[in-house]
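Dumping the structure here so I can ask a few things about it.
Going by the order they are written in, the chains are A, B, C and D; count residues from 1 in each one.
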Amino acid sequence: MAYLLSDHQYGKAESRMVRIYRDTARHEIRDLNVTTALRGDFAEAYLSGSQAAVLPTDTQKNTAFSYTKEKGVATIEQYGLELARHFVSEIEPVSGARIEIEEFLWERAVIDGVEHDHTWLRKGQEVRTAAITVDATGEYVIAGLKDLIILKSTGSEFAGFLVDGYTTLPETHDRVMATALDVKWRYAAADGGDVVGGVDWDGIYASAKAIMVKEFATLQSLALQQTLWHMGTAVLDAHPEIVEIKLKAPNKHHFDYDIARFGVEQKGEVFHADDRPYGLIEATIAREDAPAAHDAWKFSAGLA
Amino acid sequence: MAYLLSDHQYGKAESRMVRIYRDTARHEIRDLNVTTALRGDFAEAYLSGSQAAVLPTDTQKNTAFSYTKEKGVATIEQYGLELARHFVSEIEPVSGARIEIEEFLWERAVIDGVEHDHTWLRKGQEVRTAAITVDATGEYVIAGLKDLIILKSTGSEFAGFLVDGYTTLPETHDRVMATALDVKWRYAAADGGDVVGGVDWDGIYASAKAIMVKEFATLQSLALQQTLWHMGTAVLDAHPEIVEIKLKAPNKHHFDYDIARFGVEQKGEVFHADDRPYGLIEATIAREDAPAAHDAWKFSAGLA
Amino acid sequence: MAYLLSDHQYGKAESRMVRIYRDTARHEIRDLNVTTALRGDFAEAYLSGSQAAVLPTDTQKNTAFSYTKEKGVATIEQYGLELARHFVSEIEPVSGARIEIEEFLWERAVIDGVEHDHTWLRKGQEVRTAAITVDATGEYVIAGLKDLIILKSTGSEFAGFLVDGYTTLPETHDRVMATALDVKWRYAAADGGDVVGGVDWDGIYASAKAIMVKEFATLQSLALQQTLWHMGTAVLDAHPEIVEIKLKAPNKHHFDYDIARFGVEQKGEVFHADDRPYGLIEATIAREDAPAAHDAWKFSAGLA
Amino acid sequence: MAYLLSDHQYGKAESRMVRIYRDTARHEIRDLNVTTALRGDFAEAYLSGSQAAVLPTDTQKNTAFSYTKEKGVATIEQYGLELARHFVSEIEPVSGARIEIEEFLWERAVIDGVEHDHTWLRKGQEVRTAAITVDATGEYVIAGLKDLIILKSTGSEFAGFLVDGYTTLPETHDRVMATALDVKWRYAAADGGDVVGGVDWDGIYASAKAIMVKEFATLQSLALQQTLWHMGTAVLDAHPEIVEIKLKAPNKHHFDYDIARFGVEQKGEVFHADDRPYGLIEATIAREDAPAAHDAWKFSAGLA
């Protein structure tokens, strides 16, 4: 019986790097968690233990750090593309490179009403993400965000659902809806083509986030599914560069706490924010003519 | 422009349930973290917000709890199959069900040399896992373990690797090798067939774990890749019921601490156990004639 | 030999509660993690197992939830005082009550430039805290914040330190300094008196935070100790109501990454943000005439 | 107005170190998380920023690593005492040293029924701890364990408790009781004396753990308080070297899941293991003639 080494990759996960721009007195900061993974013909490392084709994960890490200076980090999408291209073009056994990045956001400290030149505070829970793949089929950029914690205290219903013998949930037409959004969108790329030319990574990121927050806030929600659909399609409507979007949203339950038992008026003001379990809704929305994704959605350890 | 709702599922993630068997004075315990996810035609929940086809995640949770009594938890594989089949066969809009389970292991407290009837201590870091899929194409059982933390203090080398301008890692022929194993193996199932008949879930779990630990310990390792290959193929050699195995292993680096600087003899005895970054090796090994996996490897939130 | 039950308390830890104010279309939100602990003569619960004097922790939880409506949550300090007083005055065996609160902060979603009435995004990493003690010696309010993650990319030195045979650290006159501030300050209270009268809890919180951020940013730091001293004394200078302040600051190391090895210019722009170990500086600064703290600093599980 | 720097310490927290003994083919392993904190006259570091008296935390870390070889780690108590004495006796400005240690436990891999010489699996969740203080008043050793997760499925009651208007909890005479024990015990030390002479650190650790597990299992529990009292006094009864013991036990609630709603027999077999909130019981038991603890219980960041 023969065995197939059917799917494999290796790399360095979660290199925590901070890049400071300090060419002027007003510094800039980029705070990253970078994972690299290489794909290619590394079968001998498994079969015979030979490392002759294996670029050490330590080397991948060194390169990732050095590239924050050599190529800079204008955006994580640009940086990730540069790094992925390097591995594929410069390291002979590598046929595909995957770079996954979390970016932690900072805002300038405001001192006496003025933004400070070189002091920052961590901003929000939200993490900006990028997942770049470069291989023989082309270049793929998936941008996104995760841990965007958002809550609305009304404007959400859940009723008319399917009922069976295990169903005890009451219907509601006014509930708290809260989630920690995890959204990733894929940019168009002609097969074998280059996605980079002229994409405004920062602008689209800001726009996509604003659109999703607006839909979440303003839609009278009949279900989290409906809200996600509106968020996703609104992003696709606004940005033709985006061909596919995946949304994952835990339904962070806020249960009405029964204070009527204590003779206290109960009208939807006191909630227990429960940890587990949580509902989980996952959906992918794509343009009908979206080009093939190939391995673009094949995650490593950095993101999932 | 039309959009496609191309891939979607919903369910209740991470219901933490404990099932006690107390029919005799000697109790038994099963400690589970259960995630359910349903697949099917739920497009209207997205498009119009209608929940008419949607079995609430709360109902899924109720069913999962009740089934620990109704069907019991002889093994997580058997329990997961029963639960998945229920959703597919009893709930009309459901065409596929996915059940993901973590099982936390306990061992009996030993009091004055005797195992106690109803007191347990949590055992190890290791978590036993199962991921069951039932849909129109058949039934699929993936068993596994994660967080099996294992370390060897010699018998591991890393040398002869590819070198480029970013490579600074020295070669070594004697290092600490440590990982937190995450392994999942898929059982054979004829298309549309039933995997359950006669599989010894507990026995194969114990055997697969023992085989992997033995390979890790006894192979003179030239690379973590080689160790994984030996672990995976040894499991396939021993268990014809298993057709495919995925291994994910973070290389938990233990760096030699330079105590020679302080005039202290340095000979591989003092290590810094670093948190991040870590190497990460991922590989899938399959039999040449393995049946198609269909959606068996499509994970929800419970496992990844 | 007799044993003393010398120090004991019990309560309900980490009740996660969300209070919505929805009297007008513009809702308000308070998101809390509340821990209660009761002190008193509960010896019989230990010695004989009698629960006659024990108010269940479940009851404490119910009370804490109900009080968010009965008394409201104008501030966590006011809410905590009301709750603590209730337990001491209404529950006979209770001689002292301790309430510890974490408040998670939200900011309104901004839709098309306008703040939304009932949708919020979680704000920052920073958590506002309060620890209230009411007992026979008086009422004590400790306010504070934790996980305020702050970083400066210059303006920090570390040199001229004590050197011994284990010292290998080079001196530096320009480094990144980063920390996750955990600061708690105690308000004045005459013995047996009432601290509440007229204290502007929200105003002082905002002011103390602004003062500390300013000191962190603007002081040329010779050591984290010096920075903490300036932060703490500046708060005491500005707010006579505060009599004592405790500061705990992990030194989150950012190590210069050696990219000169790769022929790349190295001038303090690329850093490895290490996880562990970290330096840890802890200091308490008090007014000379600060009243006794009694049990005010005796923490339960909510904060530490 | 003058301010007092009333309480301060600094050090290096959470150095993760692994010490391998490899003098013979059968290796031994010690896996530690070490925190050092120094106390003394470091006021100038705060007031003027002068570091002349400050031994860098980096140096403390170097020393801690080197001492695992120089002095060895026969036990964490012995190692911690050596390290604390070093700082107090060799570093002039240091008047007190605090060493806090977590030890992660491993067990040998068993291959074909035989313990392996150099491969281990991580053992249990339990962490062994030590907190050593050496200062002008003497030497203090606190040993302990944490995260010992223990559960009994019967033999636990909770009834006859105090009831008020917020009490809704039903009485029970048969419930699941589970906790994650955090226990620390202080060894006797004559003031200014040396605790080390002849104490069997490993033997007492094993004995104390076995005693506590036995009491937890065999006592018909009327309350967690009563169980803790029996555990603590049983340890004091057995070990005259121990003068004081602190027990902290979260009541990890297991709620009966209502499956009778689904027509399924409900008799205490199906439980929801809830995350938060949890009851929390804390108690200290001391011998009447226990010597003064001075700063022995003043924790740094390693333990709490």
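Couple of notes before you dig in:
Everything that follows uses one rule, which is that a residue touches a chain if its C-beta (ideal position, glycine included) is under 8 Å from a C-beta of that chain, and two chains touch if they have at least 3 such contacts.
In this text the structure is predicted, and so the values were computed from the model without any measurement.
The chain with its Cα centroid farthest from the Cα centroid of subunit B is C. Set against one another, A-B and A-D show the most C-beta pairs in contact at A-B. Two copies of one sequence, subunit A and subunit C, touch each other mainly through matching residues, since over half of the numbers at the interface are common to both. Mean C-alpha positions place subunit A and subunit D at a centre distance of 39 Å.
Rounded to whole angstrom units, the spacing between the C-alpha centres of subunit A and subunit C is 31. Centroid to centroid, with C-alpha atoms defining each point, subunit A and subunit B lie 24 Å apart.
Chain contacts: subunit C has residues 15-16, 62, 66, 166, 168, 261-262, 275-276 touching two or more partner chains. Contacts from subunit B toward subunit A in the complex involve residues 1-16, 35, 37, 42, 45-59, 61-63, 66, 90-91, 93, 158-164, 166-169, 221-223, 225-226, 228-229, 232-233, 236, 244, 246, 248, 250-251, 276-288, 300-301, 304. The part of subunit C that touches subunit A in the complex is made up of residues 15-22, 27, 29, 31, 62, 65-66, 68-70, 106, 109, 111-112, 116, 118-126, 148-155, 176, 213-214, 216-218, 254, 257, 259, 261-262, 264-275. Residue ranges of subunit C in contact with subunit B, taken from their complex: 165-166, 168, 261-263, 275-276.
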